[in-house]
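Everything on this sheet refers to the single structure shown next.
The chains carry the letters A, B, C and D, assigned in the order they are written, with residues numbered from 1 in each.
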Amino acid sequence: MIITLAPEAELQRVRAELTRLGLWVDSVERAPTGPVHVLVGRGSTAVCVAEVQRIAGVQSVSTPETKHPLVDGHGPELRLGDLLVSTRRPLLIAGPCAVESESQIERIAAKLARVGVLALRGGAFKPRTSPYEFQGAGKQALSWLRAAADAHGMKVVTEVMSEADTALVAEHADVLQVGSRNMQNFALLKAVGASAKPVLLKRSMSATIDEWLHAAEYLLSHGASGVAFCERGIRGFDGSTRNLLDLGAVALLAEVHRLPVLVDPSHASGRRDLILPLSRAALAAGAAGLMIEAHDEPEAALSDGAQALTPQALAPLAREVNERRRRDSGARSALAQEGIA
Amino acid sequence: MIITLAPEAELQRVRAELTRLGLWVDSVERAPTGPVHVLVGRGSTAVCVAEVQRIAGVQSVSTPETKHPLVDGHGPELRLGDLLVSTRRPLLIAGPCAVESESQIERIAAKLARVGVLALRGGAFKPRTSPYEFQGAGKQALSWLRAAADAHGMKVVTEVMSEADTALVAEHADVLQVGSRNMQNFALLKAVGASAKPVLLKRSMSATIDEWLHAAEYLLSHGASGVAFCERGIRGFDGSTRNLLDLGAVALLAEVHRLPVLVDPSHASGRRDLILPLSRAALAAGAAGLMIEAHDEPEAALSDGAQALTPQALAPLAREVNERRRRDSGARSALAQEGIA
Amino acid sequence: MIITLAPEAELQRVRAELTRLGLWVDSVERAPTGPVHVLVGRGSTAVCVAEVQRIAGVQSVSTPETKHPLVDGHGPELRLGDLLVSTRRPLLIAGPCAVESESQIERIAAKLARVGVLALRGGAFKPRTSPYEFQGAGKQALSWLRAAADAHGMKVVTEVMSEADTALVAEHADVLQVGSRNMQNFALLKAVGASAKPVLLKRSMSATIDEWLHAAEYLLSHGASGVAFCERGIRGFDGSTRNLLDLGAVALLAEVHRLPVLVDPSHASGRRDLILPLSRAALAAGAAGLMIEAHDEPEAALSDGAQALTPQALAPLAREVNERRRRDSGARSALAQEGIA
Amino acid sequence: MIITLAPEAELQRVRAELTRLGLWVDSVERAPTGPVHVLVGRGSTAVCVAEVQRIAGVQSVSTPETKHPLVDGHGPELRLGDLLVSTRRPLLIAGPCAVESESQIERIAAKLARVGVLALRGGAFKPRTSPYEFQGAGKQALSWLRAAADAHGMKVVTEVMSEADTALVAEHADVLQVGSRNMQNFALLKAVGASAKPVLLKRSMSATIDEWLHAAEYLLSHGASGVAFCERGIRGFDGSTRNLLDLGAVALLAEVHRLPVLVDPSHASGRRDLILPLSRAALAAGAAGLMIEAHDEPEAALSDGAQALTPQALAPLAREVNERRRRDSGARSALAQEGIA
C-alpha cells in the first residue's frame, strides 16, 4: 500500500494515525519535486482502505491489484458433499501413511470411525526420498481405501503424484491431496484442477504465502471445486523436530485471508509426543482441521510408523474436534446427517 | 542414542520395536568386523533407555552425557516471589514496548491491573536496530516502572542490555529479561546470572534448541535463581509476519524438556490481528505464559505501537489465563494471595 | 561414523587424533556397561576410514551403507556427445528465459555462438508462479530451439515440466533440465530418467544435499545417462537478492562428492550487477559450468528480462570459461573438435 | 523506489524500459483517482535515479532517505596503519582460534609470517556455546598476541566480548573484532566505536544486510575509525557444512554498496577440505580479505582444531593474496613498506 500525502500534510501525525490502525511504515519516499509517499509494510494488520483514506493529510491510497482473484473469492469453507469444513467446523482426517493391504486399511478405518474420525487418509502412491523405498501399493490401494471408507461412512483423502493417475484418483477420492513436493508442479496442478474435485494443497517446504496462494489459483482456475490449504511444517534448522510448524501462517490464512487451512502435525513434528499439543495449538490458531497419521500397529507400518498415533491415542482429540463441529451446528440433527451421533 | 545389536539380533525386528516406541533410525552403521550399530535420530519421541534396552537383540544402549546439567535439573516452574509460573499456571506479562514517562507507565499499569494482568513489562533500555532511534528513557525509567507496578501489586519484567546496568536493573526488576540479540552475549549472561534473580531468556533469531539451553546453563551456572525461556519468533522468509513463531520449539521445551517457556506473540507476528489467536495457540502448545505489548494510546508510542494491543483488547485473554491459574490452584484463597480475586 | 574405543583407549588422545584429521566429535556416548562410542559429525572433512582405524585405542569404525550407490559411482564428468563437462572443463550455457519466436532464438543463438557459448538454453515450457503469466510457446518452441542451436553447432538444454512432454523434449534436447520446483516430482524424475539422456537437475529451494543426491539416484536408477547438478540459489531471508546462492554446497559436491555441479547465478541473485562476480566465484568454488540468462533485447523479454545479460556482456566470461577448457584439453586440436577454435 | 507515472504514460512501455535497466516491478498500485505507481523491487540492479527519470511517461521517482549515512560515506577501503585493505588489496588474516600460551602464539606467528601472512588473529576471550568450555586465556593473552605480532611485523586482529574489556583490547589490537553473536549487542558496539579503532564486524547468524549495515552505523556514529564487514556463514539447514556461506551478500556489499567485506571460510564451512576453494570463491566474489584459522598442531588446539589449516597449507593462498596486493600497488616498493618483499 502506497499512501500519498497532501502538500499540507504533517508526516508525524499521519504516522501516528497509521500506527493507531496497526500499520507499519516501511519507508517514506520522496522525489525532488512531487509529493511524499508512505510505503506501508506487508506485515501490517489488514485494514480497510477507506479508514486510511479518512486520515487527515492523506491525498490518495494506492493498492496493487490482486493476482489471485479466485482464491480471494473462495471463502473460509470447504464443502465435501454433506460435510462442511471450516475453522468453526474442523475436520479430523486420519489414517496410515500408506495403504498396505485391504485388511490393514479396513481394520484401521473401523477403529478410527469408532473414535469419531470422519475422514480417512492413506497413500496409494507415496512420495519417497529414495527410489529404493516402498512407493505405495498403487492403483489397487485406491479401491481398498474407498471400500474401507465407505464401510464406515468416511470421506477419502489421498495424494495424487502423477498427471497420469489423476483421473483414477479422482474416481476414488473425495479430496485430492497435492503433496508438498508437488506444490509447484504446475502440470499436476492443472490436471488436478481439471478433475473438478476439492483439493487439499500442502505447502511446500519453503513456499511463501504468496506462492501458496498462487498454487491454489492454478487449481481453481483449472476447475477445482474448492481448495483447503495444509500446513505441514517448513524447512527448519533444528533437527529436534522433523520440520518447523508455522502456525503464524495458519493464523494468517484463517484470520486475514479467511481461507480454510488444515494442519498436519505428524509431518510437522515427526514426534509422537508433540502431536497432541501441536494439534490443539493448530485449532487455537484457526485451523479448519487436522490431518494425522494413525496406525493400529505402528511397528508394522511400511513407512513413517515412528510418528503414527494409535486410534486410541487420537480419541480425545477426535472428541474435541467433533464437539466443536457440534457446537457450531447448533443442533444434533445436523451432525446426525453427517453420520456421527 | 547408539544402539548396539547382539550378534544374533534380527535387524528388522529391532527396527520394528524402535518404531513402536516412536524412534526414528537415522542410520545403521557397520564395521568390517564388530557389531551393528543403530543410530537413533534426534527428532524422535523421548523414551526411557530401559525400554530400549528391553528389546530382544539389543546388546547395549549408549547415550551422551548431558552438557547442561543445571538446566536439566531446573524443572517446569519459575518462582517469582509469591507467584508460581508454569504451563498449568501461565503468567500474562503485558506493558508498553518502552517506558516513556512516569505518567505513561502508571496509567497503563493501572489499566492492565484492572483487567487482571499480574506482571508489567516495559523497556528502560531499548535495543534498536538504528543508532538514531529512541534508545529508552534509561535509569529513571526503572524507578517509574517499579513504582507503577508496586502501586498495583504487579511484578516487573524488564530488559537488561549492558553488563554495566545489571546491578541497577536487578534492584528494580523481579525478572531480568535477556533480549534475543543478546542470547549469546556471554559477558552479559554471566553478569545477569550473578545477580541471582530469575531470568527471562529470549531465543535468538536463529538459535537452535541446544544453543538456547546452553545459554540458560550460563545463567544458572553463574547464579541465576531460575530461568524461563521465551520464544519470540525466529527469522523467517516471508514478510507477511515479522518473524516466524516456532510453537514446535515451545511444545518441545514444555513437553519433553519440562521447562517453563513463555511466548511473545507481539514480536513473533508483529501484527495486531494475529496476537490473540497465536496467544491461544501458544497456551495450547504448553506455554507457561505470554508476554504481550500493550499500550493505551498506540498512536503515541515511541516504538512498536503498530503491534501493541490496548488493555481492553487484552481483557479476554487475561481472563482465560487467570482462569487456568485459578483452576490449578484449586482454591480461590491461593489466588487471593496473588492479588487478583 | 561411529568410532568404538578399545577398553584401554585414552579418550583425550583419540579426540586429538580425530582433530588432527579434521573430524569433529558430535558426541561421546556410553552405555552403563560396554564400550565408549565417539560419534563423528557429518560436517567433518572427508577422510579415509583406514586412517581412523589406525589411531591407537580405536577398536572399530562403523559407517553407514550408502543410499545412493549410482550417484556415488557417477564420477565428476558429464558427457554431452563430443563435449566433456567437468570442473576442469566448465561449460557455459546461455540463452533467453523463454523461447518466444523462431527469429528471436535464432538471433540470440547467433550472437551467443559468436562470443563462444557452446550450449543454448531456452524455455519451451515455463514454470510460472501465476497461472496468468506466459507459460511458454510450447512444443513448437522446441523445434525452433533445436534449429537455432544446430545452425551454430551448439548443444540444447531445456526444461521438461510434464511427464507427458518428456519424450518430445528428449527428442529435441541434448540435456533435459529438471527445474527446482520439480526436484522431488518423482513421477517426472522417473519419466525423465527413462529417456536415457543426460539431465541437469536443479536443486529445490530448500533441499538438503542428501535429498538432492537422492533425486539424482531416481534419475540414474531409471536410466538417465548422466546427471549434472545445478545450484540456483536457495530460499533466503533477505530480499536484496532473489535467492541465496549456496557455493558451500557447490564446493562440497565438487570437492568431496566429486560430482559435476553447475551454477545458475541469474536465478540465484536475480540482479544483473552480481552475475559476473558470482559466476567467477562459482568457478573458483569448483563449478563445472554456468547457466546464465542472456537476451539481446532484455526490454522485450516476456519473462525475467531484468536479470538477463546481453551476449556482449557475457563475452569476457565466455572467454575465461573456454580458456579453462582449452588449458585442460592441452591442445587446440581437442577444442577444434568441439567447434570453437 | 516508487515511480509515479504521468497520466498519458503507457504502462507496458515503462515496464519494458525498467526491465532494460535491470529493475524488477514488485507491484503496480493504483488509487481510485490519482496516478499509477510502480513499486520497484529491492532485489533489483542498482541504477542511477536520473536514468529512471528519463523514461518517457515517468512523472516522478521517489526514493527513501538513507538510514545509515556514515556507512554510505565509508568507501571501499579500510586503513590499518600502513596497510590498505580493499577488494583490490585483499588481506589474509590467520592464526589460531585461541591464544593458548606465549610460546604457542609466537611459534605460529613466526610460521605464518614466513608464508606471507600480514595479520595475526587469535582469541584472548572466546565466545563458547557452553559455560564449561575453555573461555580463553584472557588479558595475558593480549600481550602475548601483541608481542608475537610485533616480532614479525604483523597486525593484530582480536575479538572483544565485553564492554569492560574494550579499552584493554583496544590498547593491544590493530583491529577490534565484534563476533557474530554480538553483532547487535548495542552496548558493546557503542563501547567499541568509542575506542576510535578500525573494527571487523562479523555478521550475525541470521542478520539481514540492512541490520548489518545498521550495526556498522552504530560503530561509526560512536567513533570507529573504519569498519570492515566479515561474512562467516549464516544459519543453514544442512549439517554437511557448519554454516551457509553467503557469497551473494559479499558480492552485494563489495559491488553495490562498495564496502570492504572479508570472509571467514573456516567458520562458514567448518571443514578443512572446503576452506581453500571457498577462499578463492570469496576473493572472486569481491572479498577484501580472508580470515582463516591456522594452527601448526591442530590436534593440540583447545578449540576448533578440526577446522584449522596448517601454515604450510595456507602458503599458496597467501601467495595469491599477496600477488593481488602487489599487482594493485603497481610497484614492489609499496609492498616493501608493508614488510613482505
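The rule is simple: contacts are C-beta pairs under 8 Å (C-beta built on N, C-alpha and C of every residue); 3 or more make two chains touch, one makes a residue touch a chain.
These numbers were taken from a predicted model, which means no experiment stands behind them.
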Chain whose mean Cα position lies farthest from subunit A: D
Homomeric contact subunit C-subunit D: same or different residue positions, threshold half: same
Contact-richer chain pair (by C-beta pairs counted) among A-B and A-D: A-B
Distance between the centres, which are taken as Cα means, of subunit D and subunit B, whole angstrom: 33
Centroid spacing, where centroids are CA-atom means, of subunit A and subunit B in whole angstrom: 28
Intercentroid distance (Cα basis), subunit D paired with subunit A, Å: 42
Residue list for subunit C, restricted to those that touch at least two other chains: 206, 210, 235-237, 239
Interfacial residue positions of subunit C with respect to subunit B in the complex: 1-2, 4, 27-34, 36-37, 39, 59-65, 235-237, 239
Residues of subunit A touching subunit C in the complex: 67-68, 127-132, 135, 161-164, 181-188, 204-207, 210-211, 214, 217-218, 221-222, 234-235
Partner subunit B, residues of subunit A touching it in the complex: 16-20, 22-24, 41-46, 206, 208-210, 233, 236-249, 251-252, 254-256, 268-274, 277-278, 280-286, 298-301, 305-307
